[in-house]
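Starting off with a structure, shown below.
Lettered A, B and C in written order, each chain numbered from 1.
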């Protein structure tokens, strides 16, 4: 088993190596990209938004990474990065890595296994130095410790088998940080081993990266540098792209109507629309009336006309599914036939709503006695717009809902206080893997489980699927869990959005990932045909 | 001395009658632009008042099958990306804009007048205290205040009105004060003083009416600019929140995405804002000409 | 006069103190602080980490202690650190000031350049077609939302010329520098010019009806002498007030314009800082703006005294 995998890795790394040396690529040029907002800091480990990943992923390397020119992230598309190879132990409880030698940090210090240990100790909260914020600590819940063997070998020792750990390590969210730079410095002037060096980050203005001439992958990167200009105003940003002031839009940030506009004004621009693995969902306060009643929760689920959401907000270009990203982009989605058996997913909306009204009448509501509720959401269009549609749809089942918009600064504390009835929420999934989305959003102790949904029976199933090494068996388990979560109306998923990205025709080597918007921004293979 | 005597003014200008329709006709002819402004304002107010009767659809009702419909017999101004009827949203938006305009202007001007008059006429320590207050108010830029207010109180209609009214106070107060300072030295005030009129009476009977002209110019200009400020706040994401149909938000949120695909989403709110503001400004100008007390012979 | 000036200077300090208290308190009664926002980006609020961070930033101290700490620092020239970028606040604010100042200066220049002459022309020709045309144009200037005007300019520029002015800290050519400053300044200045023109016109009209103007006319002074020597000189007072006030309030118009044209000046920075609850930046920026306004007001009052013989400031 171990040998077979090591062999597979060797082949993959060979493939990866052969890919970088094709002759047509031109060197040089600064890639100019606009950025949608000013990220809170430059430290990827401390942030949970791709506003940080996009500009700073090029500064770093991971142990392993999703192959950057394969659009669909999967265990098969993982290739070595700072690790030369990896291997699972026979009991599947130890994942060990052989590290690349001769790699240098941007400040000239050598990279060793100690840096890897430092990074993950800090993520697990075990080191003296602490991150200010540590949003993905729970990713490493199954890791007992990280041990080194000499300067170029590390091993992750697990409590139980967790094949998905490798997927988490391959995410753009999991760069290796240097031991010798403090977390504070990593927030303001990050040091990595990656293809580009950090030059400057002016809040609300720009982020500049320059080519790392000593990059350990010879002849890479192709670009001389990358310049992100921060333009929070969408209209201005798109106009500037159309006017040729930028080589690329901020990835997966162009809405469908804007995309049409770009295509008419700049017909040569290359544009793609891909799923971003961000689900729009309803957080339901099931600890207080009226939604403590499963009947009323079910009625709400039955009232949803998901197609209407998709046609209004995405002109049809979004996907309907459960917690896991729908196929074909998503790897773990349940089959369509199974999905349609879940209340509210059936194709006959009128029949669903008829059933919903019956449930509402059973709970004491009717045409003469409407239920008054508030739908809370953040004061941002991508949150507000679906809330408007939700409110309209709830009218059909005797629910009169008012919209309550909440400032960003107050949103999470409000949610944490349970000071809401229904909330409209967006959940981004960095890795298309059930371990990431189930534990984070539905596990009893997770900080991001906003609804505090806690079901001991399902919790056991979470662990069972997580430890399962047979992929097809795991899939079946995942489907069942996902179906149960939807039937419990734990956090009904409305749709999975898609977004557009555009670049000028001379920009080559960009791949927009189809099942994550957090992992595809290393940009070492990007070049410009000018 | 009467504050404003329209009749004398009208006779002097050659009006045959100072009553009824003929008087109005005369004024309208003399101030064409003002009359146009008045008509626009009346339409605007009437629309706002009767929005419930003349709207053809619920302005909040979503219809996914009729989204982005071009203007036609059914949807006079087309529909937005949610399939909501733009005509209904525009006329309900008139109500919001009117509330913002009148609410904030009335609130801001009345406080401003009190402060300005007291400050300019009474002078001394009252002036000093009020001037400090004005300096402080004026040193907090409108949008800073609005941002902090919306963040503190949550974005809502009354909060936007308050946020827009506060920056108006120092503008009104300063102009009223400057005028009062100048007026205080004029002969008719001295005369009133010499015949033993009380200070309060002089301030209210003579100084206040004589500062009305600049006040009206300011107030009408502010009526329009309040609507514009709400639009700017909406553009910055801090205006009147959903679900109220605010013109500013309708314009700012569709400006980028739909200017080519569905121009009616941009044109109608844009025209509504500009026309309403234009109308109040035209009317304000004419009012100023008519009400100016120094036109008396 | 000297005593008056000294007293005014003392009062200016009082005003600034008042502002510092108000802005400080306002910022702290707002629910949600920087820590909430920082955690928002992380998608959850961890109580222990939040408490740590609040301690690190000094937000756990009482409001009085925090205030004294800030003012004490300010007096020593230490503006503190931005919570977000973790750089000294001064380093963040200082480079952005000249950008906004250049825009504001240009916009004021445009407003006076167009506003005053057009206002005079309009008043002198009251009731004529020229007057009507000028008034309609100025009114339409006041009727257009400034973000909309800005976007229209950008859209027109892209459609007609295939390019648009976008801010560049190091413009290559003089033309480029001119475009990136003048176009946004015109967008802001258009509105101010309309305002200045209206005030000039109404002020002129008022003066033209005053007794001394009639006297001058009766004495046989020429129209030009009356209009420009007597009337404009006196009518300019309210115009100066408006320009003075407009200078301070331009920051509001600039917030929108800097956003539309994506110019990294202080105005837009202020909005971002408020959104982030980045207190050190907001407080110091507001104080800076306050100083500018207070000085502008003082200057306007001094000009008043200098220009209007009827007003004398005495002790």
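Going forward, a residue touches a chain if its C-beta (ideal position, glycine included) is under 8 Å from a C-beta of that chain, and two chains touch if they have at least 3 such contacts.
This structure is a prediction, so every number in the text was calculated from the model and none was measured.
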item: Pairwise touch network: line, ring, star, complete, or other; value: complete
item: Pair of chains ranked first by number of touching C-beta pairs; value: B-C
item: Most central chain, judged by mean C-alpha position against the global CA mean; value: C
item: Between chain B and chain C, centroid-to-centroid distance (C-alpha), Å; value: 21
item: Between chain C and chain A, distance of the C-alpha-averaged centres to the nearest whole Å; value: 42
item: Centre-to-centre distance between chain B and chain A (centres being mean Cα positions), rounded to whole Å; value: 48
item: Per-residue overlap in chain B, given as positions that touch at least 2 other chains; value: 151, 255-256, 259
item: Touching two or more other chains - residue numbers and ranges from chain A; value: 235, 239, 265, 407, 409
item: Two or more partner chains touched - positions in chain C; value: 30-32, 151, 155, 259, 275
item: Residue ranges of chain C touching chain B (in the complex, touch as defined); value: 11-12, 14-15, 18-19, 22-23, 26-27, 29-32, 132, 135-136, 139-140, 142-148, 151, 155, 195, 198, 202, 205-206, 209-210, 237-238, 241, 245, 248-249, 251-252, 255-256, 259, 270-271, 274-275, 282, 286, 289-290, 293-294, 297, 304, 308, 310-311
item: Residues on chain B engaged by chain C in the complex (per definition of touch); value: 32-33, 128, 131-132, 135-136, 138-144, 147-148, 151-152, 167, 170-171, 174-175, 178, 181-182, 185, 213-214, 217, 221, 224-225, 228-229, 231-232, 235-236, 248, 251-252, 255-256, 259, 270, 273-275, 277-278, 281-282, 285, 288-289, 292, 294-295
item: Chain B partner contacts - residues on chain A that touch it in the complex; value: 234-235, 238-239, 255, 257-258, 260-261, 264-265, 305, 307-308, 311-313, 379-381, 384-385, 387-389, 391-393, 402-403, 405-407, 409
item: Parts of chain C lying in touch with chain A, wherever the complex brings them together; value: 30-33, 36-46, 49, 52-53, 56, 82, 84-87, 92, 151, 154-155, 157-159, 162-164, 166, 259-262, 264, 268-269, 272, 275-277
item: Partner chain A, residues of chain B touching it in the complex; value: 60-62, 64, 67, 81-83, 150-151, 154-155, 237, 241-243, 253, 255-261
